[in-house]
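The structure is given below, and queries will be raised subsequently.
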Amino acid sequence: MAGSWARLTESSAAVRFIDTNLRGSGQVMLQDNPLTGLLFLIGIGWSAVVSGSPQLAIGAPVGLVVATCTAIGLGVDRTALRSGLFGYNGMLVGMALSIYLAANPLFWAYLVVGAGISVVVMLAMVNIAKTWGVPVLTAPFVLTTWLMLLGSYNFAAISLADLPPPALPSIHVASAMPLDSLALVDAALFGVSQVFFIGNAITGVIFLLALLVSSRWAAAYALAGTVLAIAVAQTLGANSDAIAAGLFGFSPVLTAIAIGTMFDTPRPRVVFYVAAATIFTVITQAALNSALMPLGIPVLTAPFVAVTWLFLLPLRKLVL
Amino acid sequence: MAGSWARLTESSAAVRFIDTNLRGSGQVMLQDNPLTGLLFLIGIGWSAVVSGSPQLAIGAPVGLVVATCTAIGLGVDRTALRSGLFGYNGMLVGMALSIYLAANPLFWAYLVVGAGISVVVMLAMVNIAKTWGVPVLTAPFVLTTWLMLLGSYNFAAISLADLPPPALPSIHVASAMPLDSLALVDAALFGVSQVFFIGNAITGVIFLLALLVSSRWAAAYALAGTVLAIAVAQTLGANSDAIAAGLFGFSPVLTAIAIGTMFDTPRPRVVFYVAAATIFTVITQAALNSALMPLGIPVLTAPFVAVTWLFLLPLRKLVL
Amino acid sequence: MAGSWARLTESSAAVRFIDTNLRGSGQVMLQDNPLTGLLFLIGIGWSAVVSGSPQLAIGAPVGLVVATCTAIGLGVDRTALRSGLFGYNGMLVGMALSIYLAANPLFWAYLVVGAGISVVVMLAMVNIAKTWGVPVLTAPFVLTTWLMLLGSYNFAAISLADLPPPALPSIHVASAMPLDSLALVDAALFGVSQVFFIGNAITGVIFLLALLVSSRWAAAYALAGTVLAIAVAQTLGANSDAIAAGLFGFSPVLTAIAIGTMFDTPRPRVVFYVAAATIFTVITQAALNSALMPLGIPVLTAPFVAVTWLFLLPLRKLVL
């Protein structure tokens, strides 16, 4: 089936365009695989149906297609384009704005601008990051979304939907309670689904399957990442509600995939290195949660980006 | 006339020094042209006379000359020096501190330190930015001024003159009302004059003329930038008073000049690219307004710097 | 004696390990010298004895040894390791967390994670900074400690010991009073000892001696830096209590050492350049004090790092 799809992408520009977008979806979790991307969209669709809130299921494909079209219009490098590298940030911008802003006609124009700009930001960041041979990960999405959200505070025509107001960081208001087994399983699956702003166990399972069809190691690292993140957050006494909602899991999941799949085989030293990065992502998640409170913006996947850069940059000098 | 001035700069060290400083003034809007710089100073002087507040008309030349002399003392690259590249940041530091701090004897020492330091910051940033072939724009001015202002909070001998106190970002307190035609024309001209912290229509006209004598495209992009910025800010429902005062215009004006004049001819694709950058500068201006509220410092031209970098960095890879 | 110690480090792995750690201690003030590092530890021990609070005297060696062992485990570059370059950040992390967090069993695990992570951050930053030929200084310590402290706000199992709560920056609440001669001498020595979070005159003297055994210029610049910092802070009207406690001195001391010892001889132009950097470090210290208030985290040596980078980066182009 994969073979006939590959032939179709060569013969049909329309299929090629669809394939590019599906790979863009897959790249949200660093997979250059159209089936993975399709399963991600199906997982998003499932969550929209059961939750009755269709925003994500609209915002995600709109942002994805806008970004891909912008990249084509700008004449970006063809190989990178076909791998979906100019779609995933736009898709994430589309989802984030759909969740945090209220939909109205002008909102859609705002989303289109954000998704399009994410391609320019991607190109700019790639030019900088290649100096050190590291990928930009989801940094273009994070920067673009932060600016679009902060900007909206000053625009009467764009309304916030679901963000706590700016506040000074609070200290130790966390209520740390143990979670029962069922809640822990849910938390682990939510940690995976929250990469797409979704707290839904079935969606989490679909996402793990989506990783599995692309790379068994990616799926294994994702699962290990979400479990380890919960263990660390519980041990340190983080807020139980946040843990249960998977909010301490999505960045560590991405860190574990990004660093783990850099290596051919998970030797013990590699596993230790990935575990250290995953643990530090939980601490960085907590740190950025506090640091961004005065601005009222969410951390998004900034902890994943920051910690993954910190752990990828030494690899040119180290032999693990 | 230009020819005899050029001959004078060769024969007389004093004229050469004046020429270097005038080019430094011109570089505030990226023009390596002494007449442009002279007209900028005239525009500042005009505003000082009609407003009865001479601070800018003193702070601007003091900062400019201090920076130029510091650069000469440090033995910087001669070609860059003669193009005015070591003067404009000091001039802007001089103006910003003159406006935001109260004048007293120690204030002048503080201004001299700031203007001199701007040269070191310029040299440091040039060394970093050349890695990617981008200009540092007004980043040295922005960083130096932010540090000097934030530092002053802790110095009893240096008083703030005109800055709102630090506060958490407010959301949607904007009063968005339509502006009448006259107010719109004023707003457009203020957008140009606010590059120099001035809200004065005649000064705005003088500044446009100053650009015209150097480059008709620079003048055209400046005018288009301020008009487009007003249209975007109005559409999104930004605060009418801020729009009317030109406060949403000065960074987009600089973005439009900086990116527009990178190209020989304004082909449709170029115009579209410049327009996208200008629009995103308005959003970034709003975003940084919110982001800096907890620190109580003004955004200065940071939106221009950030967005222009984001749109210049991809150009090595794109053929527009 | 130095010769027999050098021979011992060659013949004995245990002595080599001790030597590496002592050099790591010395690198806190940029000295690749085991005796300097030993005297630093003695100065810390003295302060622990007279103040009756042993945290630093435990946290410092624990952080140091953890970081050195992590670096060995990661297989870092041998020459850099033996110079102590992978120890000093861990030692500083160990001290900072010991002071700002309350000790409990989990705290020690948290400290070990922080000290270990500082090595990864060091490797990452070295890879970036070498692009421009500048050292990373104490930036890995600063970044790691900020994240560990900010993260702790959300962890019920890790308690803050001694940090003012997050607050908006206050303006001009400084009480600027003249200090008498004795207080000034104390302030100057405290400025040196505060590099290690200690306000103790004897410890300050021990630290100056520690510098002297490594480099007379380092000791001279340290002394000149702390004196100049007090003069600048007093002139600008900074808070007298903070000046008296040496809190305006520790970053300028490091700036003066770092930039001053880049040059073979302190020619007048060099002295002027180092003095400018030292003065600007005082202003940057005040600025970052304000800027970090909303997050409730201390500036640590960030002013030293920022200003030293700004003054080192131009040196590739300038001949002073």
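Letters are used for the chains, namely A, B and C, taken in the order the chains are written, and counting of residues starts over at 1 for each.
The rule is simple: a contact is a pair of C-beta atoms (placed from the backbone, for glycine too) under 8 Å apart; a residue touches a chain by one contact, two chains touch by 3 or more.
All of these numbers come straight from a predicted model, not from anything done at the bench.
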TODO: Please state whether the interface between chain A and chain B is built from the same residues or different ones, using more than half shared residue numbers as the mark of same.
DONE: different
- [ ] Fit chain B to chain C on CA atoms, both being copies of the same sequence, and give the resulting rotation angle in degrees, nearest 5.
- [x] 120
Task: Mean-CA-position distance for chain B and chain A (Å) - done: 37
Task: Touching two or more other chains - residues of chain B - done: 131, 168, 294
- [ ] Spell out the residues on chain A that touch chain B in their complex, using ranges where they run on.
- [x] 74-77, 106, 110, 113, 116-117, 120-121, 123-125, 127-128, 131, 146-160, 165-168, 294-296
Open item on the list: Applying the document's contact rule, which stretches of chain C touch chain B when the two form their complex?
Closed with: 131-132, 168-172, 174-176, 235-239, 276, 279-280, 283-291, 294, 309-314, 316-320
